[in-house]
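Inspection log for the structure reproduced underneath, given as structure tokens.
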Amino acid sequence: MNASPPRMGLAGSAPSLLDAARALLTRDLRLLWRRRGDALQPALFALMVVVLFALALGNDPQLQAKVAAGVLWVAALLAGLLALDTLFRGDAEDGSLEQWMLAPVPLAWLVAVRTFIHWATTAWPLLLATPFLAELMHLPRAQLPVLMMGLALGTPLLSLIGAVIAALTVGMRRSGILVGLLALPLYVPVLVFGAGSVAASAQGLDPVGALLLLGAGLIVAMVLAPLTAAAAIRIAVN
Amino acid sequence: MNASPPRMGLAGSAPSLLDAARALLTRDLRLLWRRRGDALQPALFALMVVVLFALALGNDPQLQAKVAAGVLWVAALLAGLLALDTLFRGDAEDGSLEQWMLAPVPLAWLVAVRTFIHWATTAWPLLLATPFLAELMHLPRAQLPVLMMGLALGTPLLSLIGAVIAALTVGMRRSGILVGLLALPLYVPVLVFGAGSVAASAQGLDPVGALLLLGAGLIVAMVLAPLTAAAAIRIAVN
Amino acid sequence: MTDPSLQAPPLLAARGLSFARNDEPVFGPLDFTVDAGEALLIRGDNGAGKTTLLRVLAGLLRPEAGRIEVDGRGTDAPARTRALAYLGHLPALKADLGALENLEFLCGLQGRRRGQSPDAAMGIVGLDGYQDALARQLSAGQKKRLSLARIWLSPAPVWLLDEPYANLDLDGIELVNRMVQAHLREGGAALVTTHGAYAAPPVRTRELVMRRAA
Amino acid sequence: MTDPSLQAPPLLAARGLSFARNDEPVFGPLDFTVDAGEALLIRGDNGAGKTTLLRVLAGLLRPEAGRIEVDGRGTDAPARTRALAYLGHLPALKADLGALENLEFLCGLQGRRRGQSPDAAMGIVGLDGYQDALARQLSAGQKKRLSLARIWLSPAPVWLLDEPYANLDLDGIELVNRMVQAHLREGGAALVTTHGAYAAPPVRTRELVMRRAA
Amino acid sequence: MNLVVRWFHQLGSPPYFDRFAARWAPWCFGLGVLVMLWGGWQGLFVVPADYQQGDSFRILYIHVPSAWMSMFIFALMAFYSAIALIWRIKLCEILAMACAPIGAAFTVITLATGSIWGKPMWGTWWEWDPRLTSELILLFLYLGVIGLYQAIDDRRNAARAAGLLAIVGVALLPVIRYSVTWWNSLHQGQTIRMFGESSMDASMIPPLVAIVLGTKLWFLGSLLLRARADNLEREAGKDWVRQRAGIDTAAERAP
């Protein structure tokens, strides 16, 4: 038997930041592949909202063209909101989140990686579907690039803000609609600038200002949101 | 010791249909009272959707008045959709649903009672809030009664249809958006007749036909939906 | 002591019962009977199919072949519900209701054994003083005890207990044994899965050893 | 055998550690030390606070007062993570991933003990042949074994095991004992909660008996 | 900052705070009501009618002070929450959470009086104007904070989580304040200055100052009372609470 056994850090290696990120990425991609259909759900949901609207408004292409950008933004926002529940809840329920907190890498880093993956898997299909949805709603073609730019900048911002809210509510068994209630007020500025940029371009004004504001918001959120979300998770898991 | 012990139905009484319904009602009201705020959430969510739309459409009262009925119907529908997840999922996760299946009363009866309670607690606050939301969207006052009638007939129908979908997906761990995807196509007819009745009255036509159709659908669903949902639960729990 | 099984059909019987998942057999054709006043101890390694068997008997899963008889009559799952009480891995407790409120609801659902009340049952399982504690605030063992109180209140003659001893302290294990004993004395029967790490209750006992069907 | 505790500070020590929920004390001020090569058996009735203690030690809950020292140094929760591996009531398994895939992810997250691989660990815990089975398809005991494999792979010297024996068959109980023994031999330490129904592992053991602080 | 922390620490002993709140709350209420009564009387009956709006402008004396309070209280709530999160001072958690319902009430009053005023002024109850909308969103944030606080079981964790949300939500305050300058808005621009030159008739100002002061005092009173109630609830069962409630602890323990 070993007379003076090795102590602390016994035998083995702690993972680097990149190791942990790679592990998380592999896991999430595997899960995504296992439930391929799920990745399309936000896009499909947005499609459904658009269709519902088109039906509720009756067959009036001109009216539709007027409200198209707004409806598309709201649809994207609601789809993102619904997907929010899958951000941390599954991991909280099966105890994975506890292990995240106990891992030798910063929780904020894991949160950031997870949020990025979540955004990529839910928002990209939606972005791909946008031109098609825009066509359905008779959005004037000229406005499409602005809409796409706005969504490309806005959806990661929505995901980051959403991560904070999802983290705050992760300790609750059935958060239900509460997540929406907490997230939507914070989403409003994104919506205002996002939909505003399209409206501006529709009126022949310059949409760049609103888009720049979205970009600035995104940069700030990239720094602050993971830290805040990590703090929220530490509060919520108990 | 008893030489020939009593057998089967050992000692005690099975509950009657009314007993079981009363127990379920008491339980749900207690849970509701324990989390009072939750009852308002669907109404608040509908309000949020209305706010989002109003903002996304820009400040244009005339345009808003035109789309108001559609927005309100979509908002009610989405709020009902989100609330759907709480219909059976909680009971499935903690094993209550197993006990429902093993109770000496028909599962369909329990499902019907639960769906009714769920409808009452989620839709009534929403109905109460509707006049207020309509005012926010500048809906012409004359159309309000038709809208209210439509929602009063339509929301229980939505709940019943939703119960079937919720039952089908109850076996899945994270149904997330899937519920929405399955439910929305079935919701479409309700939306078409509901929003259609308001549109008809806006054009000075008679909305009664559409409302009668909603009523007929409601009666059919009241009979068939609980049976179907019960069958779906038996399939899903395994 | 006269043996009721000589005069009457067994309380619960499985005839050639088998179950398969995705066409893979989980347990082979099983034949066993459980008489009134008798316990059946189901043993087997992890993954042997004990939980699955109990769920099939309860009617939560549909058997692949064979039949389940209660009191000598083959019955379908809904008809069996009056005769069976099932304690599974899930506690069937609402996290936001108090312990007593949970019991009251479950009694409303499953009926109640004559002469028993939820409040008294809480005392029996050693949860006196926790009447108003929310279920979410109970420890693992306390939750198990609350589930045992539900079983105790059930009017059903046959108990299906899946690992009732897990998470319980020594006092709790003793409690389960006393409960089973009292239930059998009144003419009930119990099927208990266990890993054999615990003492079996001192009652008339049969054993069923399960092995993975591979 | 030289006693390392004579030359070095204890691997894990609690000094006046207490925890309260909503200002109600759950466990009183506790003082204990665990040396390398030593196991601490935490006993107590249902609801005594064993789980809570382990979660406080792991850093999942914040103590009300007192400090936790690792290797003689008081540390905050994040710094402690390198030294601790925690097995709780929740398995931390993704239901839709295969057993091996689950282990691989957890290794990426927590690091890996030198000379061990997820595949080999599956064999050690008796899950050979279940590499590709989805976690959701495992029985209660098989899930527990998979969690044990994770602990086995962790490079952390201190194991916090909450009811590791629950749901395991006799063979599984033996497995836990062998794992703990091997870990201690390499200079690790283990804190194990149990209800005393099982044989304690044959290693140098201290005991901590908890009582509800009322 | 250290001074503030030390003060909270000193005040933070639950029995001490209980006595403090019990002593000062009535004074705050009494003084607040007096000042508000004077301001209200002046505003409603003494100040001459507006040459444009007639008498309908008088609702300003409710609208403006409550609008200011709705924002001030949110900022204060975030401030308390930040202290509570950083230094883990329980009293600050209690104070922060006591702010929320009061602030929500003031927000509702602002929205209601604004709507009532809007009908004669703009011909509509509601318009999706930046300031109106942002004030509505402030109400949602308040409701979110309250909802989150109630949804979590452990009081301390609940207060921390809700406090975090309050801190995040502070970003909304400048939007409300400057929305009239950033966007073209229906709503009146910055017209009133408490100090310095105001673009409002000078005779209208003193009653407004009085009511603003009165609402502050009133708020302080109800903050103390709410915090005291929460404090007592959390400490229920402790000896000092039983003593204060007149329960003889020794006698109860004897048998």
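Labels A, B, C, D and E are assigned to the chains in the order they are written; within every chain, residues are numbered from 1.
As a convention for this text, a contact is a pair of C-beta atoms (placed from the backbone, for glycine too) under 8 Å apart; a residue touches a chain by one contact, two chains touch by 3 or more.
What you see is a predicted model; the values in this text were computed from it and never measured.
With centres computed as the average of Cα coordinates, no chain lies farther from chain A than C. Interface comparison, B-C versus D-E: the pair with the greater number of contacting C-beta pairs is B-C.
The chain with its Cα centre farthest from the Cα centre of chain E is C.
Remark: chain C and chain E have CA centroids separated by 56 Å (rounded to whole angstrom).
For the pair chain D and chain E, the distance between mean C-alpha positions equals 48 Å.
In this assembly, the C-alpha centroid of chain A lies 35 Å from the C-alpha centroid of chain D. Remark: chain A and chain C have CA centroids separated by 45 Å (rounded to whole angstrom). Residues of chain C found to touch two or more other chains are 89, 95-96, 136.
In chain A, the residues that touch at least two other chains are 90, 173, 178, 181, 184, 188, 238.
Of all residues in chain E, those that touch two or more other chains are 133, 137, 140, 143, 147, 151, 154. Put simply, chain C touches chain D in their complex at residues 44-48, 51, 89, 138-142, 144-145, 163, 165-173, 195-198.
Residues of chain D that touch chain E in their complex: 21-24. Across the complex, chain A meets chain B through its residues 37-38, 41-42, 44-45, 48-49, 51-53, 55-58, 63, 66-67, 69-71, 73-74, 77-79, 82-83, 85-86, 89-90, 173-174, 176-178, 180-181, 184, 187-188, 191-192, 195-196, 199.
Interface residues of chain E, counted against chain D in their complex, comprise 154-156, 234-235, 237-238.
Of all the residues in chain B, the ones that touch chain C in their complex are 1-15, 19-20, 22-24, 26-27, 30-31, 34-35, 90, 93-96, 98-106, 110, 237-238.
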